[in-house]
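Dumping the structure here so I can ask a few things about it.
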Amino acid sequence: MSYEVKSLNEECGVFGVWGHPDAARVTYFGLHSLQHRGQEGAGIVSNESGKLHGHRELGLLSEVFSDETKLQSLAGNAAIGHVRYATAGNGSVDNIQPFLFKFHDSQVALAHNGNLTNAKTLRRNLEKEGAIFHSNSDTEILMHLIRKSQQSTFLDQLKEALNQVKGGFAYVLITENAIIAALDPNGFRPLSIGQMKNGAYVIASETCALDTVGAIFIRDVQPGEVVTINDNGLQVNRYTTQTQPAICAMEYIYFARPDSNIAGVNVHTARKEMGKRLAEEAPIDADMVIGVPNSSLSAASGYAEYSGIPYELGLVKNQYIARTFIQPTQELREQGVRMKLSAVRGVVAGKRVILVDDSIVRGTTSRRIVQLLKEAGAKEVHLRIASPPLKYPCFYGIDIQTRKELIAANHTVEEIRTCVAADSLAFLSEQGLIDSIGLTFDAPYTGLCMAYFNGDYPTPLYDYEEQYQASLKEQTSFF
Amino acid sequence: MSYEVKSLNEECGVFGVWGHPDAARVTYFGLHSLQHRGQEGAGIVSNESGKLHGHRELGLLSEVFSDETKLQSLAGNAAIGHVRYATAGNGSVDNIQPFLFKFHDSQVALAHNGNLTNAKTLRRNLEKEGAIFHSNSDTEILMHLIRKSQQSTFLDQLKEALNQVKGGFAYVLITENAIIAALDPNGFRPLSIGQMKNGAYVIASETCALDTVGAIFIRDVQPGEVVTINDNGLQVNRYTTQTQPAICAMEYIYFARPDSNIAGVNVHTARKEMGKRLAEEAPIDADMVIGVPNSSLSAASGYAEYSGIPYELGLVKNQYIARTFIQPTQELREQGVRMKLSAVRGVVAGKRVILVDDSIVRGTTSRRIVQLLKEAGAKEVHLRIASPPLKYPCFYGIDIQTRKELIAANHTVEEIRTCVAADSLAFLSEQGLIDSIGLTFDAPYTGLCMAYFNGDYPTPLYDYEEQYQASLKEQTSFF
Amino acid sequence: MSYEVKSLNEECGVFGVWGHPDAARVTYFGLHSLQHRGQEGAGIVSNESGKLHGHRELGLLSEVFSDETKLQSLAGNAAIGHVRYATAGNGSVDNIQPFLFKFHDSQVALAHNGNLTNAKTLRRNLEKEGAIFHSNSDTEILMHLIRKSQQSTFLDQLKEALNQVKGGFAYVLITENAIIAALDPNGFRPLSIGQMKNGAYVIASETCALDTVGAIFIRDVQPGEVVTINDNGLQVNRYTTQTQPAICAMEYIYFARPDSNIAGVNVHTARKEMGKRLAEEAPIDADMVIGVPNSSLSAASGYAEYSGIPYELGLVKNQYIARTFIQPTQELREQGVRMKLSAVRGVVAGKRVILVDDSIVRGTTSRRIVQLLKEAGAKEVHLRIASPPLKYPCFYGIDIQTRKELIAANHTVEEIRTCVAADSLAFLSEQGLIDSIGLTFDAPYTGLCMAYFNGDYPTPLYDYEEQYQASLKEQTSFF
Amino acid sequence: MSYEVKSLNEECGVFGVWGHPDAARVTYFGLHSLQHRGQEGAGIVSNESGKLHGHRELGLLSEVFSDETKLQSLAGNAAIGHVRYATAGNGSVDNIQPFLFKFHDSQVALAHNGNLTNAKTLRRNLEKEGAIFHSNSDTEILMHLIRKSQQSTFLDQLKEALNQVKGGFAYVLITENAIIAALDPNGFRPLSIGQMKNGAYVIASETCALDTVGAIFIRDVQPGEVVTINDNGLQVNRYTTQTQPAICAMEYIYFARPDSNIAGVNVHTARKEMGKRLAEEAPIDADMVIGVPNSSLSAASGYAEYSGIPYELGLVKNQYIARTFIQPTQELREQGVRMKLSAVRGVVAGKRVILVDDSIVRGTTSRRIVQLLKEAGAKEVHLRIASPPLKYPCFYGIDIQTRKELIAANHTVEEIRTCVAADSLAFLSEQGLIDSIGLTFDAPYTGLCMAYFNGDYPTPLYDYEEQYQASLKEQTSFF
């Protein structure tokens, strides 16, 4: 039921709009362009003159809002929304966001993109004081911390709470009179603000959502900031000054949509640069360059352009994959029956192919694609990966939290080449990646979290420290 | 609810397999790769030791077979299947194929891709003799003709019937002991035969379906042929020798999947050639070449390669479009809220763009895309169409049967350019198209039906003649 | 998934209305009150100024028309509808009526209640002449006969066709300008005409549907009649004068709703009379009389009233049975877990109970109910059946066509009593049944088909003759 | 979409089983027989070796568990379940029970039947201390009180919590090692314990659920008791000794199933007694007695038996009502189109009818039924209500909390008679009701809560006091 051949999963997208008569519908279209960030479930909470209305369900956005009635019930001129990533396990609607809280004295809804590193400890402590949680999600914690705070204003309560949660987070809240957004001190996840033609403010995980709703980009939310949007406009506050920008490099490499800009850098352009740099770092003579659709097409075209080798469509992705429950049996699979990706025999047969992919996780997909191309008659397949080897887990919002699942954490490049049965294999260098993106923040991170590649985590790992140390000692063979 | 920005609709895909223990499942995967040829409904009929079982429904294949039970009920080691195109109007399950007929003396099922030009006359004559039809579809007619035939064998009855129907047709039938395929004398629609590793024969509208089920291509069904597949293997017969190959050019330009080969020519390669030729015929100085995803990417990369101008991802298509019922209101649309296609501001802003599209029908979509690019900051947009102007209706299986809907039938190139608001506009020449595809059949058609472009129909129009003549006199303004 | 504890199934209900602006909706409500006559599927065809629109699906009426849109698409001021009975096997939508036929020269839709005895022969002959059938249903045959007819008017074609079909049938047709109803020469199934306050004519299988739509009863359709309703009012014709009224006795005993009148006799009243007569014929001393809900409550109250023994609610039927797919496992069933019927322990414990049921088919249900009562503490259970023993199959529209399934065809009353474990058992006499209903038609049938009880079939059995003769020789043991 | 013509709504049914290998399935069948107590939603939580699994959804039980998979996912040999009543407003799944709580140190699920009178105060106080609620339901409060308790065992924490909640409540909890049930000090709602053949203990809102799952009744839970069921069997504790039995009289009159026994009194028998007493208190000469199906049939048969006037089926309820979304238009309603209830014209025409109903709320339904009978030709309709006039709201678990909606709170009996257009009207006396039920508890309440009739509430009203006092001053006219 997965939508992508890749086994990496982003942990959500958020969206909000303040000041539009059709706020829930605008949020629907905004979330629609963020659907790639989460397919497990979706929800919207609207604000109708201070009264919050919500609807959330498991499924794609178009399933959750399968008819007009559900959207129409979300009246009001402000709204926030959320799309949640698809887990392997069986999800529960209890985890679908935004979470909507109705207190005797106020109403608040909350949506979250990221992962806290001290969630377990915070939750346990809160439960000891009598708190009751209704989901497995980290997201609820912030609300408990806010309600426990003795500060006098909601903004101060929120700031106090934000100083207690650690790790990666991009929060969007809606209260009776404002939308509030906050970003963690490292800014692991993108969060941008725009403005629609009618003056409505929009906030979104990616700028592609601003474009989709016809909004003009204004500014990114910066690490450590709390941004309040209400009828008075936009107010920026800080809950901490101890910040150090470290944007998740995987957003550029794989997660974000190519039409988004992150920290002012266009994702397609960054990917094309990665492809060019890869061509420079790891050239090879061949008849054509092909990319794995859809996420590696930019890098492949960059490789082709730099190398002067023709760019061809050697792999075709079936656009009608979404959520089919019928799968080939093991027997059919062995007979070569495939659903998602096809090699273009008429293009690759008898040719030397440079195959560009964005990354390798377990290696299984790469092996299958190399095999596909060989079966379609490719004479040679040279695999070029437009990012450095993935060697370390992520604790800030990506779904792989152990080294066991990462082939590069366990094997050399030559071993990986053997495993995927390519004729040659090369990865982009770390410096190559950094240069391709070209952020200009200060040291030490210069704006990028590269922990996935080098284990240099910008924050303490708290509840994950033990698990991480254990993970360093594991050794798994992928053969 | 449409799946594509284009308003052209193919009229179906067919698939069949004989000799596989999991025939219905193989058919499912075959149809899955033909889903682009029809999204209104789907069906499969299996043959279990001579007894036929069927299931068909409105919806995408994955909806029609939403659970294993339905597929499992289709036991047997042979099966045929069909996907039907999405019409504007409200469809009825009665029109979904294959049609399954259970007589007191035999069982037959029938699937059809194409359009007959004498259907109305045949139907009226049959009804006068007491025949009762249960669908609006042309497809039923063949069955009535077969049952009326006085020939002694089913094959001879079928041949007699095939000589009565006129126009475009690719039929696949399953009887108690064989699969039979037949193609019209012009071979308007593609139909190919392959073989799986276990020896099972496969027949499909496009070779991409052969690849998907791991079958090796053997041969195309030729115009005028009736091919019988049964436990004795493959037998080829002819119902007529008066044939003249004229493959629908639009299959190469737009309909077929780029990984399919038609008459031995790979579709992606043909499209790339069209792009190259277009660059040769209509060059222009610019900063980048972009294609309309997904069908025009091959042509765009050809244009870029020939011209030496960089190929960029300037338009992004949301991959989660399928069947959403929520649409932007008119007001939101005016505010710039869009669901399907986004221009990549970070790429096109301030640039001179060559926009390659495969064809123009009404011009509405082109106008919208040019506008998108301009709003995203493109300085100039030069539209290049990788096919000649569409000026005449099609009666052989494509959904536009009147000139009124074709902007190029009603306006000059300069008028169209004004209408779509491009800075320049050029079409590929007819000869350019013919050369790019490069078929080597005999004159007069040299293998291609170009009627869409030049009104030269390879068959009499029968029931459509009057409508066509009237259509020539119509003049509609698109301004 | 069955709705009733009884294993007898009626074969459908029909409804039609002419002259009401909201005809499809009126038909919906009419069919709603006929839902007990068929739960497998439902459909409505409306006539909008001569153009017919139809919708039909598997499922209960409320599922088939689960939203307003479907009903609203059936515009026009005339409509007919149909509910179809629930078969054991897996149904196909192809069998759901009304059948809607669109010819080049006319449109007709057709709904049918009953069963033909010469369907197989007619169908085979028609197929030999080239006819193609699209369902397993008898109903299509009439349409083929009409279309084959050389008569000049539709009415004459229909009359000719009606003289060819044999057995039990109540047809309702809608054409471009009329509703036409026809009843077989024996009038096995009821069919009544009424008129709404606005003058619209209504036709229905039972008078309860007239009451539900606020129509006043006008007359029954008589055996051999063809009734035409159009803008000129009601015209009665005959297609045959060789008629002999023989209304299915089971309509009074079990099928029809108690608020319906058949041939002027109220069903509840008839049932109560059967109960009284049963008390007279088979008295017994006991503490209370209870009926099996819902169909036997009238007879039970009659038994109580005549005998002077108190009428109690000793069995409760769960009103939320409809279509649950979760069933007790065999193990749970043995532990006494039951879904549909409960004995009222507080009422029957320690008491001598007279249990009145309307009929016994296989005896399984009776045995289960007797056991239920005993487990709830009943000291004695005296079973009284308010109809004679069922010994012969029905070929006119009831679902049991073999004697094997009838316990009374295979065993004596004493053997049945042993089998169902009752303390005593008695059936109503044939004369008792006849007197209770009290029809006053001429001999030989005096208005009632009693073939179920005595094997005296009012028509030749044609295609069923052989099967029937074989059935007479079978002997099955139910122990 | 309502299931009953009556506008009174019970607030839920609970069920639990401990010690059965198929616990969730047993719970399903138990809940199935309690479906009349709530149709808005349902849920089950199972205990698999100490780990709790849950599933809950809006809809009827058969919809919530529409396939085996959902039930099968609820493994374990203990389970509790809940059915929730249908509110007028739009329900949210957040309110559907059981509520399942997973803490770092334990797991608990909770189901509740009843209504607290101090919920608002408790909730506000808890929120002030930082508690976060996730539903509108009273039920969550108990869990917060338990988690706040400083007692050392779960049982003591629960007891402390039970002493803080006021009003009507029947709780069923499941923990990692026990099922615990508790009843309020007045025992407003029934709660009974039984045992299955395999020794498993069962707890249910009504004894009909014990019968349905084949369990033998053991004892009722008594007011003030906390009953623990675990692998050691049944342990009874008390959380208070200040109890005063006051069973809701409406359970006998209307809510409970006739096959249930409450406090040892069979509900059907009690209703029949009410009918007899009514015949004694308010006799009238007539031709027949009829009851409003289904809840008034017992009382009607009692009236008939005492008076010697024949009991007839004069009203038929369509058994296929459930959840149809198609409703008659206002115009059709005026033309007499009705869905739910039909008068039996053949029975009542020209007759003097005694119509027995169980209660009158707004009078609207009574008026409609009287009109139905008159339209069907009844000469006189004498309405007899088998309970005293409803004059006061209920705060213990029935859905009417204001006097405005009660016609008898605002009008005299003669005024009501005029309003419903009956020829005569009489209610059962309060003493008549008490005698008919025949409980033998001590004064002052002798076991029955009669507050609905006389305003004598067995508990303080706390949060409702103000609203109640205001309500006493309101005067609404129903004309």
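To keep things simple, chains are lettered A, B, C and D as they appear, and every chain counts its residues starting from 1.
The rule is short, and it goes like this: a residue touches a chain if its C-beta (ideal position, glycine included) is under 8 Å from a C-beta of that chain, and two chains touch if they have at least 3 such contacts.
The shown structure was predicted, so the numbers you read here are calculated from the model rather than taken from an experiment.
**Student:** If every chain is reduced to the average of its C-alpha atoms, which one ends up farthest from chain D?
**Tutor:** B
**Student:** Just give me the whole-number Å value for how far the CA centre of chain B lies from that of chain C.
**Tutor:** Their C-alpha centroids are separated by 49 Å.
**Student:** Counting only Cα atoms for the centres, state how far chain B is from chain D in Å.
**Tutor:** Computed from C-alpha means, the inter-chain centre distance equals 61 Å.
**Student:** Identify all positions of chain A at which a residue touches two or more other chains, and write them in rising order.
**Tutor:** In chain A, nothing touches at least two other chains.
**Student:** Just say which it is for the chain contacts: an open line, a closed ring, a star, complete, or other.
**Tutor:** Shape = ring; chains linked end to end, path closes on itself.
**Student:** Show me the residue ranges of chain A that touch chain D in the complex, using the header's touch definition.
**Tutor:** 73, 90, 93, 101-105, 123-124, 127, 129-134, 136, 140, 143-144, 147-148
**Student:** Mind pulling up the chain B residues that touch chain A in the complex?
**Tutor:** 3, 22, 25-26, 28-29, 32-33, 35-36, 39, 60-62, 65-68, 71, 196-198, 207-208, 211-214, 257-259, 261, 265-269, 272, 294, 297-298, 301, 304-305, 310-313, 316, 318-320, 322-326, 328-329, 331-332, 335-339, 342-347, 376
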